[in-house]
Structure formats: structure tokens, C-alpha cells
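The same chain A turns up in both complexes below, where it pairs with chain B and then with chain C.
Coming up: the complex of A and B.
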């Protein structure tokens, strides 16, 4: 059997290493799993937020990137990229995202689409108050 | 070359040199062919070219493995036309991290580690190095690390498969005169 042959080709240290790496994978999967369904979509271009919209309003938008317009569809609580002027269309192939912390990126066009919990919840941003603003 | 007139040790050296060149060339070819395969995202690579780095590491040692890995990335990206493009730096960082881990593991564990373990470590190194540079150069967002476990799992699977392939190739090469006696023989 092929599997048995593969097992014979490994040494004890190999098995230990593979097991350790698999455990690391499992821990990371649990630790980094996406959060609850998000409520707001945020689009960034080179570090600045250029577009935000609630996830529960269905719409299609065109956003200007470095190369040209990227079409984004918000539908039934999920976001996907419909069209982008990038050469390899990887961002379209990334499918749709629904949960907090997930992201779509069109690297050639310089656009980053992510989902967060909404205007109130922004864990990574410092909370400005009236004085510091 | 007339072999009978040549010092047998010199012949052996030349043979091994030809094999090293062959491995580097094969690695470049696999690197290029693999880029033609459809993939859902640029980082989901099967890393077949790493088979040749592994075999080189086991037959020639760490320095030769570095030479094959760097030659593959340099010449491979020249052929693909993405030298110094973002994809090149991803490929380079992944390759350097993977080769560092693989040569390091072989140097530390020596005979106790086989191609499968080295390959799994290399795959994990490749995934980590690539994602680190992707994060530094392309998308500065912590959300990118959400992809890391999937990426790691996939590359681990590919790494194990490559390790087995490398072991098969080592078995086939073990009895070749150029390498006879060079490989440690251990009872399996």
C-alpha cells in the first residue's frame, strides 16, 4: 500500500517533526479563527481608509485603485470583488468574505478590503477623544 | 573525455559536478513549469523544485543546497520575467527561510532526520518567510495572519509529498557510481 510505503520512508524524528508542525497548525487554526459575522466593510488604499459601508445594505460600488476601478459587491452580508484591472485576477478568485478580520486584497491595484465589527468597535485603532483630535 | 586516461578521483569529481548542474537545471525547470499551473492564490505553490534542493542537500551537503536554491530562484524568475517584482521577493524570502531551516536541521540532526522531516520543516519555513515578507512589503494588516494556518497546513501537505518524492529519487541515485559510498547507509 502506498501509505505504508510512505510511512516506512520516514524516520522517528521526521514523524515527530511532522506531528509537531501539525499541532502548531491546529493551535493556530483555533487561535486565529475568524471572528463573528462582521457588520461593516472597510476599504483601504495604501494605508488610508477610502470607503466604508454597512454589510447589510446590498450595493455594488466602483473604487479607484492604482491601476483603475475595482468593482465591489456587497450582497447578503458578504463582500466580493467582481472585477479589477489587475493582471492575474487573484482578488476575484479569493471569493467572498463575511466575518470580522477576514480580508480580500488586490495587491496590484493597491486595494485592501476588510470587515470589522462596525463604527464603534475598532480594536486596532487608538481611541481618540475630543481633546487629542 | 577518455575516462581510462583520467584519474578516477578526478572523474568522480567531474561526475558529481555534472550531477549538481543537472539538479540546478531541473530545479529551474520545475520552478518554471509550476508557475504555469493554475493556483487559487500566488502563495499556494506545490514547491516541486524543492525536491531537487532536498536531494542536493542529502547528496552534496548544505553549501550545494544553497547554490541550487538560489540559482533556481534567480534563474527561474528571469525565465518567468518577474525578477525584482513583488512575487520575486516572496519567492526569495520563502526560499531563503526554507533553505536556512533545511540546512540547519540537517546540520543539527544529521543522520536522525530524513528527507520527509527536512522537507516538512522547509515547507513551514517557506510559508512563514513568504507571509512575513508579504506582510512587510504588500499588505500591512494583522488580518493577513488569519491566512497563516491554512497556508501552513497546505504547505505541510505539499512538503511531506515532496519529501517522499525526494526519498524515492535518493533511492534511485544511491547506487549510481558518482554517489556510491557517499551516502550514509542505515538499516530501515
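Coming up: the complex of A and C.
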């Protein structure tokens, strides 16, 4: 009710401002959409790369963090955190990431996991548009 | 009520204008439609670019409808099709102008290739059943019987009237009708005002314009490595068709038996692994791909010289490659 009343009291220019802000949100949503599928996983601790591997080779690794080892799994082109010594396990709850630019972070253990296009990979330029076979 | 000074309203507009105006790649990006449908026994993919989404959607829908119409006309699997009527006919038969045009084009390639392309191999195809559930290696006598009446002059065309030399001849337009359907789809898109599009019927491709402001990159399937491409071609406004021994085949005692038959022997042709033809039209490229595959890496390029604007990339049986001069600078090997 209070919102309805406030809306009624606005002038056309105020409404235009609200509309423009909504458009801005929409534009930002499109602009900041997830990138293309990545090719490598990169793990950093305190700004230093401590591990990197291709996303298409399945493996499980243990990486040392501030609090102890974090277990990371690469499966079917995605990466997720299986286990971590951090108290709230938020990083495990973040699930899997697959696309260039996506991140997993374990703040207590000081580990940042991100997906890269990999060296020489141009995700926006595929090898071909169509396949003749 | 909170009253904003007027200039604050204008300031609020600023980020919106900056974002809309500062991202030309996004705000001016053309509409794109990519649709797939199963027709003619394969997956047909149509990609089209244009200024507006709805007209593009409509045009792509019309292109699919046109391909379905051609399928109904030229499939051997529907009793009402021209091809089914023709196979059943024991005398001269009038076919639709389009079927007549496709048969005329096929006869031209057949004559120029000394019979390497033959539209009368329906019985041979049924005998091998390579695309069916029970493929088998026929005996010599069976092959001889299946080839009776085939070869030069097996189909004669006068206007729209087709006459078979032998009433038992089963007509098979499988090596050319798909290309024609692709050409028709492009014609429909063009008539609807589309300037940039691609129609891909299981590897039979026709390109209208480029992919926006650059050529299309066409990957050519590697004939022996399933998940690899052999090369890419940068092309626009043309057709590309590949025929290979890896598409439909079975193996027995280490020998590969595939669906591209040598009309002279009734056996799978053995001189090539794959042939890619670049031609002005997909129908022509389709028929030439089969003919060149049968003729091989030496006689095949000689045939292409008789068809202006047609080029080829041939992978011979030993894995060596031959490209015709017109593809120079357009092939990137992988």
C-alpha cells in the first residue's frame, strides 16, 4: 500500500527515471552474461597460480590452502570443490563452474578457482562455423 | 515527496546512454536465427542473419517447408512421390518440372563422368542395404542382376517425360535431391530478403553471403578421425558438399563396405576416402562429389575442369590429398 501511494505521488520524470534504471539493470544482465565454455582451470592462492590443468582431462587434486588441503574435482568439462577445511563449506555449496570467467572462492582457505579460455584459445572464434561431412 | 533537481534526472540518463551507445557490438548486433529439423533422413540446420528477428524466423520456417516439399516429391519412401512413381513405371512417365530438372542435372554429370554418377542404382542400394538394418555383401550373381539396365542411357529425359531402359530399374535421387533441396531453401531465404544465411543438410551446405562481415568457416570432416577436422575452408556465396566412405559403412574381415558404389562393378568405390566439392549450387556439388569419389584422385579433378566454378579437395585411399587450383589460399589444414 505504502509503495502504491508513493508511486502515485511520483511525477512523469520520476517514473521515467525508474524505467531507465530498470532498463539499465536489464542491459547489465545481458552484458555481464556468462562467457563461453572454458578450456582450463586455474587455481590461485594469494595472487599466485598454484595449479592449472585442462578441463577435458578428468582428475581429482588436493591443493594446500591456509587452513589445510582443499580437494578439487575436474569432471566432464566442469570443476567443483569436493572437500575443504573451511568451517562453513560455502565453497562446496557453490557447485560446478564450466564457463570462461566463472569463479569458485574459498575465502578462509585463501583459494580462488577460475576458468580460463587457455593459452591460444579464442572462445569467440570457433574453429569452424559449419561442418561438411 | 522527494524532488530531484532537473539536472539530476539528466545525470541519471547518462549511464544508460553510455552503456547503450558504448557497446556497438551488442546494441547493433543483427538478429540471428538458428533452427534444426530432421528432414530427408538427416538433420537440417538453417542459420540466418538479418536486421530483424521476426522476418528471419518466418523466412527460416518457409525454407524448412520448401525442403519438406522437395522431400515429398523426391523420396523413394513415399508411394506418391515422383521417384516412387518412376520406379514403379513400366513405360514413359511425366514427372514434375522440378524432378525433371534434377534428373537433367544428374544426367549431365553422369554423361560427363562416363557413368560414375548414376541415378538408376536403386536395386543395387537395396541389395547392399548399407543404410538399413541388415547390411550384407552380395554375391557376384546378385550384383550382376542388380546392375542390369543401369549405365549410360538407363534414364532418358524428353521435356518432363522420363523413360527407363529397363522397367525393373529403381530410380534413386539420393545423390542429388538433397543438394537440390538445399538450393531451394536458399532461394526461399533470398526471396524473403535474407542476405546472410547457411543451410546445412547433414554436410551438404549452401552459403548465402558471408557470416556477417567475414566469410563462413567450413570444417571438413577428417575421414579417419571421428572427432577431428581435416581442414577449414573460408567461403561465401557458394555450396560445399562432402562425400566420404566413413558416413555409412560396415566392416567385415577388416574391409570397409560403404554406400558410394562404383556403377561399373556394383562394389563400393575404392579410390578415395572423401571428396569435398565447392560449386555454385549444392545440387551440382552433391552429384559431383559422388562422381569424383568414384573416379578417384586422378580422373576426378579432370572431371571438375568441365564444370566452371567447381573445385575439389580429395583425400585418396592412401590418405594423400589433392586440391584443385581454385581452392588455393582458401584451405587451412588442421
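By definition in this document, the second predicted complex is superposed on the first by the 98 of 133 C-alpha atoms of A that agree within 3 Å, B and C clash if a C-alpha of one lies under 4 Å from a C-alpha of the other, contacts with A are read in each partner's own complex, and residues count from 1 in each chain.
Here is the rule we go by: a contact is a pair of C-beta atoms (placed from the backbone, for glycine too) under 8 Å apart; a residue touches a chain by one contact, two chains touch by 3 or more.
Predicted model, so just to flag it, every value in this text is computed and none were measured.
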item: First, second, both or neither for A:8, with chain B first and chain C second; value: first
item: Which of chain B and chain C A:114 touches, first, second, both or neither; value: first
item: Touching partner for A:50 - first (chain B), second (chain C), both, neither; value: neither
item: Partner chain(s) touched by A:90 [first = chain B, second = chain C, both, neither]; value: first
item: Broader residue contact with chain A after superposition on the shared chain, chain B or chain C; value: B
item: First (chain B), second (chain C), both or neither touched by A:102; value: first
item: Partner chain in contact with A:61 - chain B first, chain C second, else both or neither; value: neither
item: Touching partner for A:22 - first (chain B), second (chain C), both, neither; value: first
item: Shared chain A surface residues [contacts with chain B and with chain C]; value: 9-10, 13-14, 16-17, 21, 24, 28
item: Residues of chain A defined as touching chain B within the complex; value: 6, 8-18, 21-22, 24-25, 28-29, 32, 34, 44, 47, 88, 90, 93-94, 101-103, 105, 107, 112, 114, 124
item: Residue ranges of chain C touching chain A (in the complex, touch as defined); value: 1, 4, 6, 9, 12-13, 15-16, 19-20, 23, 26, 45, 47, 198, 200, 202-205, 211, 216-221, 229, 232, 240-242, 244, 246-247, 276, 334
item: Interfacial residue positions of chain A with respect to chain C in the complex; value: 9-10, 13-14, 16-17, 20-21, 23-24, 27-28, 30-31, 126-133
item: Residues of chain B that touch chain A when the two form their complex; value: 40-42, 86, 109, 112-117, 120-121, 124, 138-146, 148-150, 152-153, 156, 160, 163-164, 167-168, 188
